[in-house]
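Lettered A, B, C and D in written order, each chain numbered from 1.
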């Protein structure tokens, strides 16, 4: 038996897809998260319900949407509704997962998609802002992040907390009035899969991608990482995953070509 | 935790002042069909607070936004509620030698065009510090429109707290009288004027939207003045044939503009897909400031109207291709 | 020229219809208010927009609805929406008029449609309750009442304040947080048309129906009435009003037969 | 003014407990079609808080309400949100020798059948003092469902204050952090179970409603368990042909019952008008207690199902007449 060859992006998408169990509801964005959700739906989670923040519910995605509000997000869908309906559905506790990203992430899974720099009035780079991220990161049960892994992104202190992770540690979400039991769940990077320590709420290594070392991951991370024990090796994409991903999910290689 | 973000309120959440406005708004079923130029001339004033319907590059009122730029409105406030290409259009009114169209922006999402990347000119405008900003999120900004459309000064939300987004917003905290829980509340936002592109309208402004409504149900009801553009002008009889399909009633609407392909280069559900090629051109050309000035000069300032813009960017063959992409995606 | 003959109910409906100016918006119920609104629309106020609290907007009423939620309320209508949309439209200040009724009314135009008796726990008669009345009476600009005129209804003190009129006098609505400038406007009875004194907010006689005296009205009223000066005589229904009412609005004499 | 009405809260506005429920609610697209009897057996429990869709005598879930009475549920709480004939049906479970179906009622409008008059048996039940009452209004009760469907503990409203209705409700007052204005707020209301009649549903529970939605958009989303009955069972392909028309998504729904004419004797928009003759019979027969007992015995308790009831009260000729009244009113 030969090991299938795959790109880091393919590994990330497949790892993310494996996280989504059948019968769950997930608010997804464009790009890798959408590919992961589509892949899950076409393989292990046929009853996964995809939702998009502009109002699309349960589409038969003909191809990946370019915008989370474009018509692909409700193509042959179950419902085309409003942004409020989606957000309220999250707020009342119906939605299991969301995928978020950002320019920076810290040890507690807080995310920055607002600005780089140390002065809000005069940012070095002004980024788009929260969009729906802060809402979804507050209101869905579990937040998944897919991101390249480097020191510029994995930082000790964010320039701006756009979206709450575990804020400054245990109990902080609840103290801020965010729903108990919600928060960051997995961070799937180009090097590893990370989770959050149950008590400290700090990010910890759960599995290394094949061939990657702890030292390599730590070197690309701006804060101290602990390791869950036993530390595992990330499952490689299955042949079925890769075939479906390449043939049905992203035939034009929008994502996996990156 | 502070009990109020330090961001500025660009619109006071004064229900009674809003009530007075809505009381005086004309509510006759009169024919409101007019040109885009006339609608903008009559209903968009300098210093107005502007809201834009759709979702940045999906079902946007491109023709109306171009005209606002073309007529050189000044000092507008804007609700950046997933504002992507719409924000990019408005930014053509800043730093292009014609004063400053945008003055204050409530931000949920601007500058970016989702997966397409950031707009260099929008970054120039925002990073220059000339625009006063206040931070929000897509839902909280939607909720501000909802509060206004309901006629109450605030609405509660469970997210958003504990962040710098909250700290730079004008959201506040209240204690729930039932659970003693601290909750975030956001202030009502009545835009002076909103522009929304719809599928169908009758001449009185009874409108239908197909597909996701994003926040437009509430934006339409919150807006003090509302201009709609529509793909098709339909009869009042047709509206009456299916009242369940009416999304926006005539009494919210001040002007109806018939603009086929009016969301171009954005996506219009069930009509045409977004023109990604043209959107990429905007992003590319913005990198070179001189080229950008010539680009917006030609496409907006020196086009007489949206039809001319459409002819310059999108011939019938391309529009047919966008229709095919929309109706038969693969 | 002969005086047209008409019933007291016809007079009340015609007087109410004359109150509604063209271009106004009005939330109506079933019965006399609906007849009045239809009559106004077919005579002096073609641009009157009828709304019903369950969600009907701008119907071409084929006949009078039996329920404010039945399908007549949006028959060939402009919009079939939700109860919240109607109430919110009132709350944000769009709606000029509403018609209300009740088992009791007091000098400040407060209305009781909840119970008769002096003990909430054990009422002599339990009535349906507010329905939308308290909402509409709080949120529309002007409240109109069409009612038979007798001492049982026009009382010094209500057994239960279901719907706020001017509560206990000037400034009380505002103090309770109700929208400034709103409140009871006209009470059209079987004997007279009454309004409210601008300063005291108490009900006062504005016009007597033909043949009725002040003494008669006072005798049927459980509180002291003042009179606006000059006190007028209620305009009789015009021939056009009566013809339209009888032929087009209520051909089956559901209301005018009473 | 007191800062909280003295009425009882029948459901605690605890968002987090509700979140936990909704988290665990099954969300697979499974076939949920079942009989009315099975749906009520599985999803309506003694002591549940029940909400009923439609508007009293318009688009009501008659078959499900009959079955709840027939299965002799006990100790229910009920949202009397313009409850007219639906309330009248439920009252057949009180004081008719089979325990007490209704125990607590949030009242906006009960007992009356609008212009048709008051229900003598509903008066008997309510005036006897056996039911605990709390006063609301149509809008504030709708707003309580809306708060629950939004997942927040309360929502504000500008009306309702200064009255005995407020004093006998469980509404409270808060101070607006922006305007310093005192405002009424109402607590979220999550019904344990709701019954809603719709025009069309697929087997998963994706539903369409034509005409006014009254408060059902929010009721469907607020309910912990939801049973829908439908005039027509349609395919999932048909739902996907027009996702804009979906009012209730499958993930809110626990059971789908196919019940043609299911709103009879109530009105069903675009299908059939209300049977005023039969509704008048209810009101008349209720005046004589013995006759009433025999009446509900025959029509509800000793009918096997809704079809039998329908056959007893409304033959095909009469149903055709009601269809004509609906489609060709004059």
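Of note:
We take it that a contact is a pair of C-beta atoms (placed from the backbone, for glycine too) under 8 Å apart; a residue touches a chain by one contact, two chains touch by 3 or more.
What you see is a predicted model; the values in this text were computed from it and never measured.
Of the two chain pairs shown, C-D and A-D, the one joined by more C-beta contacts is C-D. One finds 38 Å separating the Cα centroids of chain B and chain D. As a whole-number value, the distance joining the C-alpha centres of chain C and chain D reads 28 Å. We define each chain's centre as the mean of its Cα atoms; on that basis chain A and chain C are separated by 58 Å.
In whole angstrom, the spacing between the mean C-alpha positions of chain A and chain D is 40.
For chain D, the set of residues that touch two or more other chains comprises 15, 151-152, 157-158, 173, 181, 183, 210-211, 243-244. Of all residues in chain A, those that touch two or more other chains are 74, 80-81, 91, 139, 179.
Chain-to-chain contact here is organised irregularly, matching neither a line nor a ring nor a star, and falling short of all pairs touching. Put simply, chain B touches chain C in their complex at residues 15-16, 18-23, 25-29, 148-152, 206, 221, 239-241, 243-244, 246, 249-251.
The touching residues of chain C, when paired with chain B in their complex, are 22-25, 47, 49, 57-58, 60, 74, 76-81, 88-94, 96, 139, 141, 179-181. Considering their complex, residues 1, 54-59, 80, 82, 84, 107-112, 114-116, 118, 123, 126-127, 129, 135-140, 142-143, 146, 157-165, 168, 173, 181-184, 210-215, 217-218, 267-270, 273-274, 276, 326, 329-330 of chain D touch chain C. Chain B contributes residues 3-4, 9, 12-15, 151-158, 172-179, 181, 183, 185, 187, 209-211, 243-244 to its touches with chain D in the complex. On the chain C side of its complex with chain D, the touching residues are 30-31, 53-56, 62-63, 66-75, 80-84, 87, 91, 110, 114, 120-123, 125-135, 137-139, 160-164, 167, 172-173, 175-179.
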